[in-house]
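These notes open a run of structures that come right after.
Consider the two complexes below, in which chain A is the common component and chain B and chain C are the respective partners.
Our next item is the complex of A and B:
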């Protein structure tokens, strides 16, 4: 169902997204069969192509040149995919979106170099962007994704985190790349500086909202809806917002301390998921996500009234309210 | 013995190299114990710090600012180390310079993210270089290292390679980073364009010579001298120059075809190493390395006569003639 809704939201963009999809496929062509297979597996496992969509919608606020816009959308999506395949190694994830991960289908070694490969291709594409401003924003986005991965490793399994370190983590993990997507779309289309600034902040706020909802869904959605076991993040030792808030309940804190990052049976895992789901953690997380959503909408309000504005608004609501 | 010679060659640079060493140690500081341990393990396993040395020596051809020069030397060495730790995963290497590799001491997963971490730190350092020319050369060097890793994967275990693909591979794997080190040293010191061009070409030729000798030593040096089993490259399916030349002998070609990238007993491995060592492949490889060395020396000859010129010359001879 989610896919249906997204398809409607995206329908105007379909011709452009199809070209981007082809360029992504070309970008991962290689003379190694194994690299080809693993990259295409990753590409075809889909994903929402949220970043290219934001680039395209943002570009409509300026004087839109399709090729320039693709030149930033393609490396952004490649970087995102490179980070996913390495994240799956770090988190020891077997399934993503209902498909076996590269590390599960092959092994950690193949996942490592498939990620390196996509990253190298992203760098090549980024280097080909001649406009110095676009180039710099893209380079910064790449660095932030790398730092995000490292911060995730550093913070792992440390239950004594605070809200601040969680927000720092999701900012680098998700929000900055979405923010850069919106900013780059605007910049690539030569939108005026005020518009670009609103787009950038819109992307940042919607990225924060998006990731918090993602972290909530890890507890509230079913295994089937998620395409992976519910509670995976927690099992992998990632402290997300519902956990941080749930921790305020002393009984729950003891349970979390005992089970965080441990090997649990399916039964034990579902027990923890159930406890967190019934705690105040979910409600409070949704409230915070909503606050970010409202901030994102305020940035949108300041933008010129063009059809793309409504599309961004719909997308924001969809992201902020999605069930899985 | 090699270490003694190098120490003499480096002696004038010692104070500057010590500061670079401290900056490298600082650069890999992290709040994760595991990342710290693995990075320091990698750093302390040593290596010749050839890239920083070339940066420093090249910088002496201009008006030398120590901090600027360090700002390019540190990311160059970090990128090199990041590529080594990922190479060890790709090649399944257990030992490097007599020490267990990160993947052997920990596992592929830790090696992957230690490499990612060092790479992220290299990118951060590179981004902090404000001079646009330095920045661009450094960014290109980073991309070439990434591409080099991928080409190595793509070419693996394909015996029907030609000289051209071998040269392309070592160019990206080794020569371009050494070339960039020399170029960046000159640029960072504001050397004139002709000098920078000679330094860049000198680095390129000496890098080619260096890597060919490295590939020869894989067959001619002993396990103890190498700090890893002789013939490792071959066992890992890497087709190097001695193999390419040795292939012209039909009997040897059959043996290579049977054994390339296979699991061999120690006895079988040493037999193959012995066969290659006694083939024309070694002599012809050394001749080609020598040709690059001569080209490097011709570039040097065109440079102004300052003490650093003699040091580069000594280093070139040392590299071209080293026994292990």
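Our next item is the complex of A and C:
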């Protein structure tokens, strides 16, 4: 159902997204069969392609030039994918989107080379854009994503962390790349500075909402819907928003403390997931996500009324309400 | 430039690069960025030999070392190791250094070098990955792959700034150093993807060892010849043979009696 919704949302962009899909495939073509297989395997496993979509929609607020916009959209998706391959090594993940990860299918080292290769291809592609400002924005986003990931590792298994730490982490880990997608779309199309600023802030708020919902879904969606075991974040020691809110319940806090960082059986894992799912943590997380969604919509309201604005609004609602 | 000045320039370069990629957590929990003096020597070789070297070249040269540090960090990720803190942060260290190199070049508005270095990184990654493939390897293919893995970034930098005449020397010397370390590993009973493909290409680990011995000797003679042919300034040549490749020189002297 969610995939159908997404397809409908993307319907106006389909021709452009098909070209992007082809460019992504071309970009990862390699003389190494192994890298070719690993990259294509990742590409064909799908994904929401929300970063390219945000670039395309944001670019409609300026002088839309398809080739230039693609030169921004393709690298952003490749950078995101490269980070996923490396994340799977960090998290020791065997499955992503229901498929074996690169590290599971080959090994950690091959996953490193695949990520490095995709990242390099991303920058090679991006280099077609001559405006240095775009490169500075993209470079900053890449560095911040890394900083966010480093902070996530530092904060691992610390049940006593505060809300501010969590928000700071997801800002860097997720929101900045989505924010940059919107900003870069606007910049690539030469949109005026005020419009670019609204787009950037819209992307930031949507990115925050997106990650919070992602963290909620880790508890509320099924293993099959997620394409990985539910509660994976908790198993890896990542303290996400539902946990931060859920720990206010003393009984639940005791369970979390007992199980955090332990090797859990499937039954134990599902018990934790069930308890968190039933807690106020999910409701409160969704409320916070909604607040970010509302902030995003306020940014959108300041933008000119063009068809893209409605598309961004629909996409924002989809992200805020998605089921997996 | 005398040997001490060369040494000081390399140290200064090393310090400046470390400053650019400084990150408290990464330094605390990982081995930190590998900014090898040997590589710096080759990167700075045109400058040390008196070639024109602008402030832009100086700044760009640092990004080559940062990229190398990024790739080297990922070489420290174990093939099948458990995801412990150090390993996790080593993955991120490589990614972080890659971001820094891009940011430095973006600020310098040197997007052409971003493209060239990215292309080299992609090629290096392809060559590294190919060592894990079941290919009909021949020793000559291995030599090409090793040359690219070890010197691909420096070669790109040389070509970008028209220092192409130093290319062969750097490729030979850096390949020589790689073969030497593989030989050491083999002698200590270790194995690596490169040793595995060498054994396949030559017939066995024993023949791989012989091949490596011969290769380091041939390459050393070639490096000595290229250093004279370049020509390198006397102090530089001496620095290369006595400080960068001292072990090989000793072996050569012993062999020559």
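Just so we're on the same page, the second predicted complex is superposed on the first by the 321 of 324 C-alpha atoms of A that agree within 3 Å, B and C clash if a C-alpha of one lies under 4 Å from a C-alpha of the other, contacts with A are read in each partner's own complex, and residues count from 1 in each chain.
Keep this in mind: a contact is a pair of C-beta atoms (placed from the backbone, for glycine too) under 8 Å apart; a residue touches a chain by one contact, two chains touch by 3 or more.
Everything numeric in this text was worked out from a predicted model, so none of it was measured.
Novice: Could you classify chain B and chain C on chain A, in the superposed arrangement, as clash or fit?
Specialist: clash
Novice: For A:106, decide between first (touching chain B), second (touching chain C), both and neither.
Specialist: A:106 contacts chain C only, not chain B.
Novice: Which of the two partners, first being chain B and second being chain C, lies in contact with A:139: first, second, both, or neither?
Specialist: both
Novice: Please work out whether A:265 is in contact with chain B alone, chain C alone, both, or neither, and reply first, second, both or neither.
Specialist: neither
Novice: Output check: A:162 vs chain B and chain C. Expected answer is one of first, second, both, neither. What do you get?
Specialist: neither
Novice: Just checking: does A:130 make contact with chain B only, chain C only, both, or neither of them? Give me first, second, both or neither.
Specialist: Second partner only.
Novice: Under the stated touch criterion, which partner chain does A:149 make contact with: chain B (first), chain C (second), both, or neither?
Specialist: Both partners.
Novice: Which one hits more chain A residues, chain B or chain C?
Specialist: Chain A has more residues touched by C than by the other partner.
Novice: Taking the contacts chain A makes with chain B in one complex and with chain C in the other, which residues are shared?
Specialist: 30-32, 34-35, 86, 89-90, 92, 107-109, 112-113, 115-117, 119-120, 123-124, 127, 132, 139-140, 142-143, 146-147, 149-150, 153-154
Novice: Tell me, which parts of chain C touch chain A in their complex?
Specialist: Residues in contact with chain A: 23, 25-26, 70-71, 74-75, 77-83, 85, 87-89, 91-92, 94-96, 98-100, 102-103, 105-107, 109, 111-112, 114-115, 118-119, 121-122, 125-130, 132-133, 193.
Novice: Using the touch definition from the top, list the residues of chain A that touch chain C in their complex.
Specialist: Against chain C, the touching part of chain A is residues 30-35, 38, 83, 86, 89-92, 106-110, 112-117, 119-124, 126-127, 129-130, 132, 135-136, 138-140, 142-143, 145-147, 149-150, 153-154.
Novice: Across the complex, what residues on chain B touch chain A?
Specialist: For this pair, the touching residues of chain B are 30-32, 34-35, 86, 89-90, 92, 107-109, 111-113, 115-117, 119-120, 123-124, 127, 132, 139-140, 142-143, 146-147, 149-150, 153-154, 156.
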